[in-house]
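The chains carry the letters A, B, C and D, assigned in the order they are written, with residues numbered from 1 in each.
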Amino acid sequence: MPLRFLTAGESHGPSLTAILDGMPAGLSITPEIINKELTRRQQGYGSGGRMKIEKDTVQILGGVMGGETTGAPIALLVQNDDHVKWKGKAVEPMTAPRPGHADLTGAVKYGYKDLRPALERASARETTMRVAAGAVCKHFLAQFGIVVGGYVSSIGEIQTDFGDMLYEERFTRAEESDVRCPIDSSAQKMRDEIEKTIHGKNTLGGELEIVALNLPVGLGSFMQWDKRLEAKLAMAVMSVQAIKGVEVGDAFENAKRIGTQVHDPINLQHANLQRATNRAGGTEGGISARL
Amino acid sequence: MPLRFLTAGESHGPSLTAILDGMPAGLSITPEIINKELTRRQQGYGSGGRMKIEKDTVQILGGVMGGETTGAPIALLVQNDDHVKWKGKAVEPMTAPRPGHADLTGAVKYGYKDLRPALERASARETTMRVAAGAVCKHFLAQFGIVVGGYVSSIGEIQTDFGDMLYEERFTRAEESDVRCPIDSSAQKMRDEIEKTIHGKNTLGGELEIVALNLPVGLGSFMQWDKRLEAKLAMAVMSVQAIKGVEVGDAFENAKRIGTQVHDPINLQHANLQRATNRAGGTEGGISARL
Amino acid sequence: MPLRFLTAGESHGPSLTAILDGMPAGLSITPEIINKELTRRQQGYGSGGRMKIEKDTVQILGGVMGGETTGAPIALLVQNDDHVKWKGKAVEPMTAPRPGHADLTGAVKYGYKDLRPALERASARETTMRVAAGAVCKHFLAQFGIVVGGYVSSIGEIQTDFGDMLYEERFTRAEESDVRCPIDSSAQKMRDEIEKTIHGKNTLGGELEIVALNLPVGLGSFMQWDKRLEAKLAMAVMSVQAIKGVEVGDAFENAKRIGTQVHDPINLQHANLQRATNRAGGTEGGISARL
Amino acid sequence: MPLRFLTAGESHGPSLTAILDGMPAGLSITPEIINKELTRRQQGYGSGGRMKIEKDTVQILGGVMGGETTGAPIALLVQNDDHVKWKGKAVEPMTAPRPGHADLTGAVKYGYKDLRPALERASARETTMRVAAGAVCKHFLAQFGIVVGGYVSSIGEIQTDFGDMLYEERFTRAEESDVRCPIDSSAQKMRDEIEKTIHGKNTLGGELEIVALNLPVGLGSFMQWDKRLEAKLAMAVMSVQAIKGVEVGDAFENAKRIGTQVHDPINLQHANLQRATNRAGGTEGGISARL
């Protein structure tokens, strides 16, 4: 049975929890490894005030004994530090639904009169537990040399040109950047754009790239619709709050091109099959294709 | 338990099959309703020679009695008419993997020496059974006034401007167009582009839009990652052969904008909540939001 | 999507947790409702010393606001009170596998050197969270008049004859009995048997009956193998630690009989279909059949 | 993703189909291997007239090329030979529900006026496709030396005492017996019992034992409720038409005993762990435990 996980908890509830089921036994893991990712999540230029309030730290409540996973489901808990502030306080019911949020759809679906339960659960605060569970998975993949990284490629109209910069370098530079952008000149423009938007009491879109390096060939399959790697990745990415588009490789650009400009030719070199390009984003026929 | 389906069959095998499990009882359905969609699938400017060889017609082998679904799984079968031509013939093993296909990844994953099994199953021919199963679902949704339609919005670099054209009209015009494009002037340019590409022995990308009209509010949920409507739609769309990108609404364009240009304001008019715009693509917080 | 749940936590870990996903919004629920079932779980004649150590009480960490479910996943946590005793203490590795436990199979499957992780997770202590999650479900079903009850029908060789005693009375009497047996004379023999077994430093098997009253007709289906109500019930029952057999109705006795002694004749009385007997256990054709 | 399958088709429809998804590539398989099991299914003392009408043979419509599985879903089809007899004929609506069948529950659940759709799909005829799909799985397991066999242990009140007869011998003898009973003296009594029951226009229950030999240790897990091998087996067994009880090992007998008479002691012999008994049925802690 594959990995699966459930998260629970509200934005201002006592705590957020997750159960990650299916992690193999024998992986060394500590709260610090997870906390590092939680801290990354809470940083970022112009991030909301909430990010400053919470200093998230995880408790591992199950699945780990003596610093090692046992194969049992891993229970993770992050306390909401400001819960005590809210606890027991009378809170005005929220009745004006905000567009672009779950306020109205949540109320219609679940019959809320006060909209608060919708925003409490639909909140991006929930991603805390995805990051926590994901941190364990990322650490597991790292044992096999697989590196999963990401960086911001655009904010508003500010696009970034990465040129030939290697992915590893993009990851490193993004970590050092408060807007997670590997290119300094673009990063400065992004900060300006963010400042301008905050000043206008508005919000701003953007794009990010996620890359997994050193994957084995053979993940996913074309054999049945729900086995395709692109399909599973698309679902995972689109399940994140506020994300409404996903592409593998330069799919939307590739859609404008002819086949020979889109595919990655396979060359036979010294008895090895190789490819000089990566336009398809690393998958072919629903399967990971090492480059 | 929700609807589920499996397909089987190879491009040049005896037949393609599907089992669609979970359709309610009492739906009037005939092979003709499904065949209509199969015929739509086989048309299209510049479609491959295979499309001309096969005149697909479905046999309903289970789940329908007296012209009505019984609630039992629906078994669908489409014969490959050219199978007899291939049957028993010696076929040269295929050993040169084509980029942009499942040839190489399939061989690595499944250990093929002859690549043929990969292309036989990864082939777009498999979509025949998705169309057949989908035809039943589309017909079911139609009983509730839900219309699912689609059209081509770009081929290669030829983009289409739909202006204020209503979705119903786009659907109708697309049906009358051999390139499935509702705008005649764009359609002609698309044909030219296709001709040029065929002449150059190449292939060409494109974009299409799928729209479901009259959906109830409340499909999907923000309560758990795998319940979000956008996530499920993204998986379904990306599971189709050759599709590598998906967006809900103008997501990639919206990513360049500020929030007030992206959201769909909610207005209270005569005791009804209404929205004048549809930028978000009809979902909010992972839930369908009627407009 | 149907109800689903995951549990996590070890017998001597800091706490046990569960996430119950899919409960509808609007159900009034309190920790007390769950604690009542947790207390029931901890009682019972001859129950282990551990039962006396723990006085389980649940914390609801998500999915409930203002005393009502919101439709969000419900997070439940029960602390292991004796965890502090064990924390940080050096514990001898356990290396002698006990038969009838997960010690050996767990070690082989997960590669343990110290067997402790197997017994920590395979322990019946895990049922605490099944009871907690089940308590919410039971309370939900109660809103529709559905009563789920149970009682002990045999311990060791002591069998019970319930005669014509109504199920409701069996439930009530079982609650009042420290061996959960509705018939006093049998209960006394069971206590004697248990005493004798404890004295002999042994353990003892038994049988229990679970009954759901007032179920609607139509749960489950014969349409696909994994939709049959009996199949789902069997899986649920057999997933409980130490249970290795399950029957619906008097299945094993019925296997010795001819059809007319096993089926429940359907009688038409005053325009209603009725049945005078319940030999089949309340299901026919994989579907609940109200009697 | 694990193996999964769907079946479809009605008892008197044109054909029965199944799709088995997830079988690995490279397994040699022929229709004959499957037909052999279909023939076994159609034999048996006192089996219905239908068994004589149909001489089931399978067509493999997908997933197999050149006599080998390709990893693609395997499509199986068995024609109902008597369908032509029924086709187009006016058939009286069936309105009197039979107890012990899906007639009444099916009608209530699916809203049938004519009960025929219920009995057409709920019919044991559906097991044809389970046998066909199972034949492929059984053949796959055989490549690893795993033997799955079964035999009848009781019919009505006729019980069988197998003494020390090895499982392999039980399998062989059962194959040679028209009542699938390995012990001749019991078999004769079973035939008499069947004759008497047929004469009385009645039906008769029974018990069977299924054994898998040479399984590896480690199938299933105690880590989460739905991973336990016993739970999965119970669901599979109880999903078969007419089966309403299941036990692993002598579970119901063991329930009467003390622990030391029920468990299978683990002995260390020449650096190997061994067990002299098999009372638990080959599983411990939800995991297969080789004996």
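The definition used in the following text is that contacts are C-beta pairs under 8 Å (C-beta built on N, C-alpha and C of every residue); 3 or more make two chains touch, one makes a residue touch a chain.
None of these values were measured; they are calculated from a predicted model.
Q: Would you mind naming the chains that touch chain A and likewise touch chain D?
A: Touches both chain A and chain D: B, C.
Q: Once the contact rule is applied, which chains count as partners of both chain A and chain B?
A: For chain A paired with chain B, the chains in contact with each are C, D, in label order.
Q: Looking at B-C and C-D, which one has the bigger number of contacting C-beta pairs?
A: By number of C-beta pairs in contact, C-D is the larger.
Q: Quick check for the class: compute each chain's Cα centroid; which one is farthest from the centroid of chain A?
A: D
Q: Which whole number of Å gives the spacing of the CA centres of chain B and chain D?
A: Here chain B and chain D have centroids separated by 38 Å.
Q: Suppose each chain is reduced to the average of its Cα coordinates; what separation in Å results between chain B and chain C?
A: Computed value for the inter-centroid distance: 45 Å.
Q: Distance between chain C and chain D based on Cα centroids, please, to the nearest Å.
A: Computed from C-alpha means, the inter-chain centre distance equals 27 Å.
Q: In chain B, which residues are in touch with two or more of the other chains?
A: Chain B, residues with two or more chain partners: 6-7, 21, 71-73, 109, 121, 221, 223-224.
Q: Using the touch definition from the top, list the residues of chain C that touch chain A in their complex.
A: Listed in rising order, the residues are 4, 6-10, 13-19, 21, 25-26, 59, 61-63, 65, 70-75, 77, 109-112, 116-117, 120-121.
Q: Note which residues of chain C are touching chain D in the complex, please.
A: Those residues of chain C that touch chain D are 6-7, 97-106, 108-109, 118, 121-122, 130, 154, 156-157, 197, 200, 202-207, 217-218, 221-226, 228, 230-241, 243-249, 251-252, 254-260, 262-266, 273, 275, 280-281, 283-289.
Q: Of all residues in chain C, which touch chain B in the complex?
A: Residues 1-2, 21, 71-73, 221, 223-224, 227.
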